[in-house]
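Order of writing sets the labels: A, B, C, D and E. Residues in every chain begin at 1.
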Amino acid sequence: MLNFRGGIHPPENKWFTEEKPIVDAKLPKKVVIPLSQHTGTPCKAIVTIGQDVKKGQRIGEPNGYVSSPVHSSISGKVISIGNFPHPSGKDSPSVVIEGDDRDEWSEGIKERPDYLSLGNDELRKIVMEAGIVGLGGAAFPTHIKLSPPKEKKIETVILNGAECEPYLTSDHRIMVERPNDVFEGLKIIMKILDVTKGYIGIEDNKPDAIETMKEIASSEPGIEVVALKVKYPQGAEKQLIKAILDGEVPSGGLPMDVGVVVQNVGTAVAVYDACRYGKPLIERIITVTGRGVNEPKNLRVRIGTPFSDLLAECGGFRNDPGKVIAGGPMMGIAQTTTEIPVIKGTSGIVVLTRKETEQVEYCPCFRCGRCIDACPMGLQPSILSILIERGRYQEAKENNLFDCFECGSCAYVCPAKRPMVQFMKLGKLFLSPKKG
Amino acid sequence: MNEKINYWKIFKNGIFSENPVFRLALSLCPAVAVTSGVKNGFLMGVAVLFVQTMSNITVSIIRNFIHPKVRIPSYIFIIAAWVTVTDLMMAAYARDVYKEMGLYIQLIVAFAIILSRLESFASKKNVLPSGVDGLGMGFGFLIALVLIGFVRELLGKGALWGYQFTPTKPLLIMILPTGGFFVMGLLMGFFNWINRRFFGGKASADVHMEAHRHGSH
Amino acid sequence: MLEDIGIIFIASALINNFVFSRYLGLCIFFGVTKRMETAIGMSITFTSVMVISAALSWLVYYIIMIPLNLGFLKIVIFIGIVSGFVQAADTIMKKVTPGLYYKLGIYLALIVTNCIILAVPLINASEKYNLLQSLTFGLGAGAGFSLALVIMASIRERLELADVPKSFEGLPISFVLTGLIALAFLGFSGMIPL
Amino acid sequence: METKAEKREKQLLVSIGPHIGSEESIPRIMWAVSISLLPAFIISVYYFGLRAIAVVGVSVLSCVIFETITQKMLKKKVTISDGSAFLTGLLLGLNLPSSIPLYQPVIGSLVGIVITKHLFGGLGYNIFNPALIGRTFMLITWPRPMTTWYKPVAGITTMDAITTATPLGILKEDGIGKLIETFGDKMNLYINLFLGNRAGSLGETSVIVLLIGAAFLFYRGYITWHIPFSFVGTVMALTWIFGGKGGLFAGDPILHLLSGGLILGAFFMATDYVTAPAIRKAQIVFGIGVGALTVLIRLKGGYPEGVMFGILLMNCFSPLLDRAFKAIPFGTIKRK
Amino acid sequence: MREMLKIVISLFAIFVGAGLILSYVYAKTSTVIYNAQVREKEAALKKMSPEAEKINVAGKWLLYEKPNEYYEAKKGNKVISYIASTTGKGYSSYIKILVSTDPDLKIKAIDILSHSETPGLGDEIEKKDFKKQFEGKVLENIELLKVETKDKIQAISGATISSRAVTKGVKEAVKLLNEKYGKGLSKE
């Protein structure tokens, strides 16, 4: 089984939704569309209050190289532009649109049955214009990943279907329900990058997805579907590359440094939708799940829909909810309120009960070494956390603190319940040039 | 009045605020090595007291004669001479103690405390204050050694100055090397605690490295 | 003969370790073990000086002092040899290998006032070791001292991160620690039936 | 007016991820290790009588009390419920002879808990295993009571038992012939050692019950093979090679495996998280080191048993080993 | 050059000064030290045979390569006791022992002069109970047993190595005395 060093295996808890087909969420009455839904510079709003907008109409203009446009996800009227709560925890400039229930497409949307005949630059432009970002969670603008610098020769594209976060099943459902679209998307990406070798990596706990994908892949030379060991964080780029290609991305480097581009399966579908149907990224699949919701579901959701709408659609809370998490329980962000919009990077909403999230006081590290075994980056989180606890940030840096991508494996296994990720974030904050 | 040198202050200095063992953390080896009993500690203390005072006086007397470029070797020769005197005297007149700690008596020559006092005090001052400084330092050293010896002998042998109180040895380990380190560490920690608790002072500084550098350049 | 040499080496390095059972070199031991780098630098410097001064002292002691019946001057002479040698090494190193000098030079300066350097020739003289035995003793003692320094430095690096009670920070806890290491080293006692 | 739902929403917890954690916690591990030692304790009561309860009881109680007092004095949170002081007391008690005067374990606990553990910053920071330091301190301080062993007599007996030497003591003093003679024949010797029907520290004698406890710890994943196996393996290999009188490869590794405190030490004390290296490769070296030192002391040293000193000596090296075998950061291995 | 000369003179003067003082002290103390050593040795021997008027060195012998001596203790012209110094190879040190026998080579007393055996265990060889066991024993009886015994020597429990070292040292000494003063000789 394909594997990498370290990692953990928390209870998967995917049974809530893994068998449930994707259903369309109700059309939201009102959407809040943040202008920053991607890694990089936020967009500039190009609409004004009171303006009527259509579905798919661009409302935010990219502002700089690493940026991506945003589009209205419903048709209606802009009622407010200002700072609103954002899943990242900070308020963020957003456009609020009140729906008119007509759900009309904007005029610019046109289908391209002949998309395969388009040139690479054209395709890249479509991806950019459609505002596609990585849908796995990091939300890095896809068109940048598809435009590697000349000196980096890309040889392989890996489609990430690992979905290693517990609870989440959206990628799983996509692969089972839209396998062909996933493949088409991958082929577009491979074409843009001029690559002949593609992999689709899927964790071994989704046998139906593996089977479906393998079937299609059998007729596609150059594309290989590989089963991965069920282990968190199998879906992290570097770990995925290690597992499939046995290549290690150097410290501080990017996948393209070893000639690889990794894309999420959801992103591949979005790419296909954009190229084939001209649809910008205005909706995504998310999993609403956890012991704190009545009817866990996989939903197709318009970007900007408030969490509260979706939770209501899933039968509301139950079991005294303690935490609402945007994303998976490992790397997702806990929210203070449910009046938060779904953004492009929201892969799920997990509601944990109060009992599940009981907080315990943490103890001093007692050097059991579990975190060292668990760390997928080969770090020693125990030492790092102690160094940071004592304010010795520079030494933490010397111990490769910046290799940490905050996957939380160390914190998960820690018997002393030390808030490792918090320490790592703190350390990086102190070391960042702004804070000196 | 101001011109008068406060001899009492110089003397007291060595015993309390610059106690060579507990405060300056200098010359730690004998503090552990010869303190398995009060008597040994006392005699070692006397030996150091003697060497320190005599060397201080000697250096103070001939300080103008010593060439500054070779002052360290000169000091070392002077100390070595006085140590040899002590060594021979003890070998002659305190034989049973000498058998146990002869090596450490000879090693007084390498005690950083003595050299550093010569360099920092005796080489600049007159004979009388230098002598008093030597006495103070020596006494501070002696008191520290007796104190450690007291604790170790009492706990380790149930005896004081060889006089047995208890039929058996209560905590034998205390007279072994490991016990010596324990007692040193615990006493230092205890004094730090008292100092912090009641006098609001700082813990004894790790100044010995400084003193070493000082002494040997 | 070879066995004899081996015994002297092991005895001086482990069983009668200078720090843990002879209580020698403590000032340096506590002084330079705050950082691993200095501990290693000190180990190298000390061991070489110990071996060389053991040899020089032996030659002077048996070729000059004993025939002239000057045994009682051994303290003065030995310290003269050690400081002279260190001074010479200092000067030569500065000229010949400045790189090494800047790494180890500062330790050289600390050596003169250190009792273990002097203890080696004194013990050699009182045990009446021959030249080879004296060299072995110097090497063993140096190795034992180096071992102590390196262990101590690695432990103190960890201790620096520990939540030691305020009054015990620094020297007191180092003393207690040394006591505990000495306790462990008691396991070697009786290893060589003398 | 806030609705009920809104009110509840306000109480949503916010923290940095991960939002789920494993079941393991320090108390859970400590108490599980304590439980795994339960069979050894029960068998010690069977072999050494009520005295075993008294010795272990005093050790445990004084460790817990000293932990409470020290933490109060240092104005720290009292953490006796995490079981670490209990475990220290249990290990100390099981490492003592049955006849030890009862005030002595109190001092041993004092040294273990206060000096070895709390002076160094408490749980997680101690350099040495507190129970072992307590025991070694006692061995050096009261060598006579600490080396007076009684023959185990099944059933509830007290002090009228007969003093004898431990198997390793007999082996060291009189050689293997005498040892076999004491137990009848070689097979009998092995069986008695395996069952624990021999003189020794309370908890070290019965290999079988210790292995049951160790199996439990393996099953729960609280110990890994690295330390115990490299330790035991090294002891067996070296005793086989050097343990015999008639030249190399003439030793009796099984005898060395079954006697002394090897099993107790290898599975329950050398594996102590705090004082052993945390890196797996370093743990193997650690285990080999403990094994080699144990054999060195058993065969050449002044004491018949070397496990305790072996572990303590290697405890000194743990930080160094962790340093030397630092984990390899991801990305340092080039793509093949 | 002048500077150099100054340095040399300064150092040399200190050196010579120190040398002179030391020589003086050495001259004064060396005899004291020598005498003290002699007196100590005499006192130790005298303790072994208090009624002797004269104790003479009768010969030297080696054990574990350590030099030892044996003596004849005389009252008037009659030998009343033989004394031998001997060595035991102990647990952590060489044990220096004195043994005295009466003219028929039965042990009168033994004494431990110096050792550094383990405190609390090995150092019990200094205890009267242990040393007394040797009194009245002849060569054949000097044997260490680990059980209770009247006519042999019983080991100190937990300190077998030290006990054995003393016993062996004593045995070697008595053996030597037997060789030198075997029954026939001692009668004359």
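Worth a mention:
By definition in this document, a residue touches a chain if its C-beta (ideal position, glycine included) is under 8 Å from a C-beta of that chain, and two chains touch if they have at least 3 such contacts.
Because the structure is predicted, anything quoted here is derived from the model rather than measured.
Identification of common neighbours of subunit D and subunit E yields B, C. With centres defined by CA atoms alone, the chain at the far end from subunit C is A. Of all the chains shown, the one with its CA centroid nearest the global CA centroid is D.
On a Cα centroid basis, the chain most remote from subunit B in this structure is A. Interface comparison, B-D versus C-E: the higher count of C-beta contacts falls to C-E.
Here the spacing of subunit B and subunit E, counted between their Cα centres, is 35 Å. Chain geometry summary: the mean Cα position of subunit A and that of subunit D are 47 Å apart.
For the pair subunit B and subunit C, the distance between C-alpha centroids works out to 21 Å.
Subunit A and subunit B have CA centres that are 69 Å apart.
For subunit D, the set of residues that touch two or more other chains comprises 115, 119, 121-122, 125, 137, 140-143, 302. Within subunit A, contacts with two or more other chains are made by residues 364. In subunit B, the positions touching at least two other chains are 73, 77, 80-81, 84, 88, 172-173, 176, 178, 182, 186, 189. By the document's touch criterion, interfaces exist between A-C, A-D, B-C, B-D, B-E, C-D, C-E, D-E. Listed in rising order, the residues of subunit C touching subunit D in the complex are 36, 150-151, 154-155, 157-159, 161-165, 168, 173, 176-177, 180-181, 183-192.
Contacts from subunit E toward subunit C in the complex involve residues 18-19, 22, 26, 30, 89-94, 118, 161. For subunit D in complex with subunit B, the touching residues are 107, 115, 119, 137, 140-143. Here subunit B touches subunit C in the complex through residues 25-30, 32-33, 72-73, 76-77, 80-81, 83-84, 87-88, 103, 106-107, 109-112, 115, 173, 176-182, 184-186, 188-190, 192-193, 196, 203-204, 206, 208-209, 212-213, 215-217, going by the rule given at the top. Listing the residues of subunit B that touch subunit E in their complex gives 62, 65-67, 69-70, 73-74, 77-78, 80-81, 84-85, 88-89, 91-93, 95, 99, 169, 172, 175-176.
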